[in-house]
Amino acid sequence: AQEKTEFRVAWSIYVGWMPWGYLEDSGIMDKWAEKYGIDVEIVQINDYIESINQYTAGAFDGVSATNMDTLSIPAGGGVDTTALIVGDYSNGNDAVILKGEGGLADLAGKPVHLVELSVSHYLLARGLDSVGLSEADLDGVINTSDADMIAAYATDDVQAVVTWNPLVSSILEEPGANKVYDSADIPGEIIDIMWVNTEVLAANPDFGKALTGAWYEVMGLMAAGDEAALTAMAEASGTDLAGYKAQLESTEMFYDPADAVAFTSSDALKETMVNVAAFLFDKGILGEGAPSPDFVGVAYPDGSITGDPANVKLRYDTTYMQMAADGAL
Amino acid sequence: MSFVTVRNIFQSYGTRPILERVNLDVAEGTFVSIVGASGCGKSTFLRLLLAEERPTRGEIRIDGAPPALEPGRERGVVFQRYSVFPHMTVLDNIVAADAFTRRFGLLFGAERRAARARAAETLDRIGLGHMAEAYPAALSGGMQQRLAIGQALTARPRILLLDEPFGALDPGTRLAMHDFLLELKAGTNMTVFMVTHDIEEGFKLGDRLIVFDKPRWDPTDPNAYGATITYDLDTRRRDEGIQTLLEETNVHRPA
Amino acid sequence: MRLINRKPGRPLALFLMLVPFVAVIVAYMVGSDMRLSVNPADKLLPAPSTIADTAARLFTEGDRRTGRVLLWYDTAVSLRRLGIGVGIAALSGLVFGLLIGLLPHVRAGLAGFVAVLSMVPPLAILPILFIVFGLGETSKIVLIVIGITPFLIRDLSQRVIDIPREQIVKAETLGASSLVIALRVALPQIMPRLIQAVRLSLGPAWLFLIAAEAIASDLGLGYRIFLVRRYLAMDVILTYVLWITLLAFLIDLVLRWLSRRLYPWAGAGL
Amino acid sequence: MRLINRKPGRPLALFLMLVPFVAVIVAYMVGSDMRLSVNPADKLLPAPSTIADTAARLFTEGDRRTGRVLLWYDTAVSLRRLGIGVGIAALSGLVFGLLIGLLPHVRAGLAGFVAVLSMVPPLAILPILFIVFGLGETSKIVLIVIGITPFLIRDLSQRVIDIPREQIVKAETLGASSLVIALRVALPQIMPRLIQAVRLSLGPAWLFLIAAEAIASDLGLGYRIFLVRRYLAMDVILTYVLWITLLAFLIDLVLRWLSRRLYPWAGAGL
Amino acid sequence: MSFVTVRNIFQSYGTRPILERVNLDVAEGTFVSIVGASGCGKSTFLRLLLAEERPTRGEIRIDGAPPALEPGRERGVVFQRYSVFPHMTVLDNIVAADAFTRRFGLLFGAERRAARARAAETLDRIGLGHMAEAYPAALSGGMQQRLAIGQALTARPRILLLDEPFGALDPGTRLAMHDFLLELKAGTNMTVFMVTHDIEEGFKLGDRLIVFDKPRWDPTDPNAYGATITYDLDTRRRDEGIQTLLEETNVHRPA
C-alpha cells in the first residue's frame, strides 16, 4: 500500500471498545494524529458485522473486532490483518444463561438461542465440550439477533440463551435467570482487538503510533477512574456510570500496555487460535475453499506460525504496544 | 285515483334550493316523461322517487304506503350509465334480479336452473340471447341499456324510473329501444317515470309529459331559486305542442 | 415525428428490454474484476463464475451434516411463511376494506385508526410482538401481516368507495341486503384490485419476511442471508438475492395471469 | 334500514373514531399492569405513567454531556434524511414515470427492468450498497431511495399511461412537442398522484430509514431505538415509536392538504 | 378544386376490416357532416384525417401535401369528451393554444400578457368570459365543448375535426352550440368535418352530408365487411331528404 495521511477506523458499541468513541469525541485522537501529521477518523458503526465487512471490503484501514471474527472474515477473505492493540479479553462478559435451575449439562435436548457463528456460539461449543456434550445433543441452535435477545428471553419459547454484555446483565436481572457458564471459564479466548490492514500499517507506521498513543492515553484515564471519561463512555453505550462499571468488571482490560504485550506473547494465544480455527472450520465459516482448519496462517510475535505458513493473513504484532509500554510514542 | 303521490316536496343541497314546492299525482300504469334544462333537478327528483334520498320537506307515497326510507324491490331503476354489473355475464345480470333477494345472493340447485332458464327467456325476448355468456363490456351501449331494462323488469317493480336511459345511444338504436319500451309498456301495468333530454322522445313515449323549470329566475344569480313542475301535459292532446313549450320555458336556455 | 409517437419494432423492443439487465451485469463484472485484481480472495464482489459455481452447489449439494439441500428447505420454509402472511393480510384487507368501504359506521370508527396504524414502524415494536405472539412461526407471519395489512386495507376501502353509487342503488332495487351487496357487488369487483394490491405489497412482504427471519430462526432465505453475512459470503448472498428476485418476479407474473384469467371483465394493467 | 344506508351523526362518528384508540390504550394498560404486578421491575410494558415521565424527560432534558436535547437532534437528523431520500425518490419517480409512460422506446427498455428491480430486497445487498455509497449520510438516503423508487416509478408510469389519449392528441393539434406534452399535459396531471403515492410510501420510507440508522449512524430516531433496545428500555422505545407515528401522520396530513390546495381540479381521495 | 383528398382508404384492426375503399374530395371551406351506425368507423375515419393513425392502404392529402405522419397544428380536433385540459383554468386552456408551440410550452412577459388578452377576448366571444379563472370541472358539458372549440380555433387549424361534439349535451345547449358553430363557419374559411348521431343536425350544419355504411352486409357475421361512404348529399338540395336516407341505409339498424 501507499503512504497516505488520511485514515479511517471503524468501531462498534461494546464495553471494551467504548474508548474509541471517547477518543474521537474528546479530541484525544486528533491530538495524537496531529502529532504525527496525519488525520484519523474514527467511525461508529452500529452493526458489528457490517463494520468488519466494510473493513474487509476496504472501506476502512482498521476495525475493532474479536480474534474469532477477524480470522473468519478479513483473514479468511484474503485481507492481511495485524493486531495493533490487544485491548481486553472477555472475562465473564459472554455467558450461557438458562431459564430456571440446572447446569450446563441440562442444555441437552433444549433449543439454545444465540447469534449463530458468533463468539457466543464458540463459547457454547467450548462449554458443551467441557461437559462432554456436543451441539448435536441440543434441540438445535436458533439464530437470534442480538438486538432482540432480551425481548426474546422474555418469551416462553426461549429456555436458554448465549449472549454478551450489556445483554447478559439485563437478562440476569430477570427472576429465574441462571448463568451456567461464562467466558471467565475460558479466560483469554475471546479477545477484543483493534485490527489494522497489514500493508497500510507497514507503509504508514505513524498511523499505528498515533492510534496506539491515543488509546493508551485513554487507558490511563480509565485506570485512574476518570469520572468524566467513564460517564461519557457509559452514556454513549446507552447506560449510566454504574451500569458501565458493572460491565467493565467482567472485562479484563489491559490498561497497561506491558500487560497486553505479555498476553499477546504468551503460548496460550496460539492454542486459542488453533481452537478457534478448528471451530470455524467445523462450522464451514472459513470458506468453501478451505480444505482444513489450517487454511489460514497466523503469525505470532515470536515469529512462529500456526496454520498454513504460505497463507499468513493474521498477525499478532507487539511492536506498537511495546512502544507504548516503553513510553516511546 | 293517485298511485304515486308527491306532496309539497322541497329539496336543497346545503343552502342551495334545487326543488321547490313540487306536487304530483300519478295514476297506476301511467308513463310519465320528465324534461327540463340541464341541472334543474330532474335526477334529484328521480332520486327522491327512488327513496335514495329523502326530501328536505314534503313526502312521497306509493300506493298510500308510508314514505320509503331506502330503495327497494318495488322501485326499479335504469341509469344512463353503470346500470348493469360489469363483473357478471349478461345472463347472470338477469339472474341477479332473482338471486339478490336471497341471504347470500346466490341460488342453488333446481331454483338456480329455473332462474337461469327464465333469464335465458328474458334475454331472448330482449334480443340478447346470443350474448348470454358475454360480459357487459363486450356489449354496445344500446345492448347494455336493454340489458339494464330487462334486469330491472325481472324484479317486477311497481314503478320503474329511467334517468336518460337512451342519452348515450345513437338514433337508430334509440328508435329500436323506443319500440322495445312501448311493447313492454303495453304488456304490463307498470308506472314509469322517464327523464329525457329529447322532448320528441318524451312526447312519443309518455302518457304525460312534465316539465321542470324555475318559476322565478334571477339573471344575476341563477342558483337563487329551485325548480318545480311548470307544465304538466297530456301527450294525447297534441294541441299544446312542443313549440309553445320551447318558447315559454327555460328548457332551452343553455346551462 | 415526435418521440412519443415513435414505436420500436419487436426486435428493437426486445433489445431495449435486455439493455439495462446487460448493463447491470457488465457493471458488476467490471467492478468485480477490479476488486479481484487487487485482492484475488476478495469476497465482496465475487466473479460471476464463482457465483455460478456457488449457485450450482447450493441448488444441488446437500448440507455436510444433514445431507439436505438447504436452499430448497429455506425456500420452502420462507414461501410458506410468505404465503400464510400475505394470505392473512389479503383476507383482512378484503374484509376490512369491504366493511370500511360499505358501512358508514365502520368507516367512522376505523378509517382514521388504520391511517395511524399504517404509520407505526413495526420493526421498532418487535419486543411487544414477541411477548404477544411468541418467537416461533407466528411472530414471523405476524410481522408480515402487520407490515402490509394497513396498506391493503386503505387501498381496498378506497376502491370500494369508488364503486359507482349507481350500482349499489341498482342492487338495492333488486332487493339486495347489505350482505348481498357486499358479497355479490363489492367483493367480486375489488378482487382484481386485491390481486394488484398484493402484487404491489410483495416487495415489502419479502422485506418483512427477511427482517423476521433475521430475528429468530434456523431456516429460511432471510435467515441464511443474515447468517452468511457473518463471513461475507457474498457469492451465497447474491445467489439468494437473485433467487428471491426470481421467485418474487414469478409470483408477480402468476398473480397477473391469475387476475386476467379470473376477472376477464376487468381491464388489464401494467 | 340497511346497514350501508345508516350514517352515524357527528357525535357518534367522533365517538366511534376514538373507540379503537382507547381500546388499544386500555389493552396496553391491562397488559402492563398484569406484568408489573408479577415483576415490578418489568421493562417490557412500562406503565403509561412511566412512559409519560420518560417522554417528558426526553423532550425537555438535555444530554448531561452536551446539554443538547437529543430527541430534537435525532428528529432533525432523521427528518432531513427522510426528506432528502423521499425527495430524490419522488423526483426520480416523476422523471422515469413520465419517460416510461410517454415514450414507447423508454417503456420497452425500462418497464421490465423496473418491475424486476422492485423485487430485489434492498436489505440483503446492504454490504454492496455501503461499499458503493460509503457509510455516511449518502448510504442512508440511498437506502430510502432504493427502497421506494421502484414503486413510485411503476405507479406513476401507469398513471401517465392512463391519461386519456384524447388529451395527448389535442395537445399535438395545438402544436405541442413531446417535451411540451410531458411538461404541460402529463406532469401537472400526475402531480396529485405523485403526492398520493408518496403518502403511501411514507411507511416503507421510515422503515428503511430506521434500518439504515440502525446499521451505521450516531444520531437519528432509528439509531436511538437501536441503541436502547439492548437494554430493553421500552419506555424510551415507545416514546420514540409514538413520536415517529405522530410525525408520519402529520406529514401525511400536510401532504393531503397540499394536494388539495395545489391541485384543486383533482378530485379528493381518502 | 380538391383541398382534402382521400384516396382509396382501407383500414383494418387485426384481420377485421373497418373501412373499405373510401374516396372523398372536399373543397376548402366546406362543412362536411358525417353520419353512420354506431361502430361503423366514423371515429376511425376522423382519426385517419387527423393523422393519429395511418391507413392500412390508401392516402389522405391536405392541399396536395404528402400524407401527414402525426397530428399537428394544421388539424384541430374536438372530441366528445376529454377535449379540454382539466388541470388548466378556462383562460389557460385557451392560452395553451399559443403557448404549446414554444420550447417549454410557456409564454413570458409581454407575449404572455398579449396572449392572455387575446384569450380573454376569445372567451368573451364564446360567452365564457365570466368563468376565466374556473377549472373545466366547474363548467357544464356545453360550456366545456364551447371551450374546446374555442381552444381548437385559437390554433387556427386549416381543417377542424369534430367527433360528436354535442353528443353529451341537452337539446337547449345543443341549439345554442349550433348557432355558435354557424357563426364561426361564416366568419372563417375553415374546412370542417363533423361526426354526429343526429341527422337533423348534420343537415342543418353541413354543406355536405356523407353517410358511412356497409355496402355488403352478412347477417350471420356483421363484422365480415368494412364500411364505406354510401351517400354523399349536398344538403342545399333538400330533395334527397332524410326520409330516403333512413329507409335505404343501415344507419338505423341497432348496433
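A, B, C, D and E are the chain letters, set down in written order, and residue numbers restart from 1 in every chain.
Methods note: a residue touches a chain if its C-beta (ideal position, glycine included) is under 8 Å from a C-beta of that chain, and two chains touch if they have at least 3 such contacts.
Everything numeric here is computed off the predicted structure, so don't read it as measured data.
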The chains touching both chain C and chain E are B, D
Touching both chain A and chain B (chains):
C, D
What chain pair has the highest count of contacting C-beta pairs?
C-D
Chain B and chain E, separation of their C-alpha mean positions in angstrom
32
Return the distance between the CA-based centres of chain B and chain C, expressed in whole Å.
47
Chain centres from averaged Cα atoms put chain A and chain E apart, in whole Å, by 80
Spell out, as numbers or ranges, the residues of chain A touching 2 or more other chains.
53, 57-58, 148, 150-151, 154
Touching two or more other chains - residue numbers and ranges from chain C:
2, 44, 127, 131, 172, 177, 229, 232
Where chain B touches two or more other chains at once, the residues are 70
Touching pairs among all chains present in the structure
A-C, A-D, B-C, B-D, B-E, C-D, C-E, D-E
Interfacial residue positions of chain E with respect to chain D in the complex:
50, 52, 70-73, 75-77, 79, 81-88, 96-97, 99-106, 135-137, 151-152, 155, 157
Residue ranges of chain D in contact with chain A within the complex
39, 41, 44, 63-65, 126-127, 130-131, 134-135, 213-218, 223, 226-233
Once bound in the complex, which stretches of chain C touch chain B?
164, 166-167, 169-177, 179-180, 183-185, 188-189, 263-266
Listed in rising order, chain D residues that touch chain C in their complex are 2-4, 6-8, 12-13, 16-17, 19-21, 44-45, 102-105, 108-113, 115-116, 118-125, 127-128, 131, 150-151, 154-155, 157-158, 161, 168, 172, 177-178, 181, 200, 202-204, 206-207, 210-211, 225, 229, 232, 234, 237-238, 240-241, 244-245, 248-249, 252, 269-270
Which of the residues in chain A end up touching chain C in this complex?
49, 52-53, 56-58, 69, 72-73, 76-79, 113, 116-118, 140-145, 148, 150-152, 154-158, 284-288
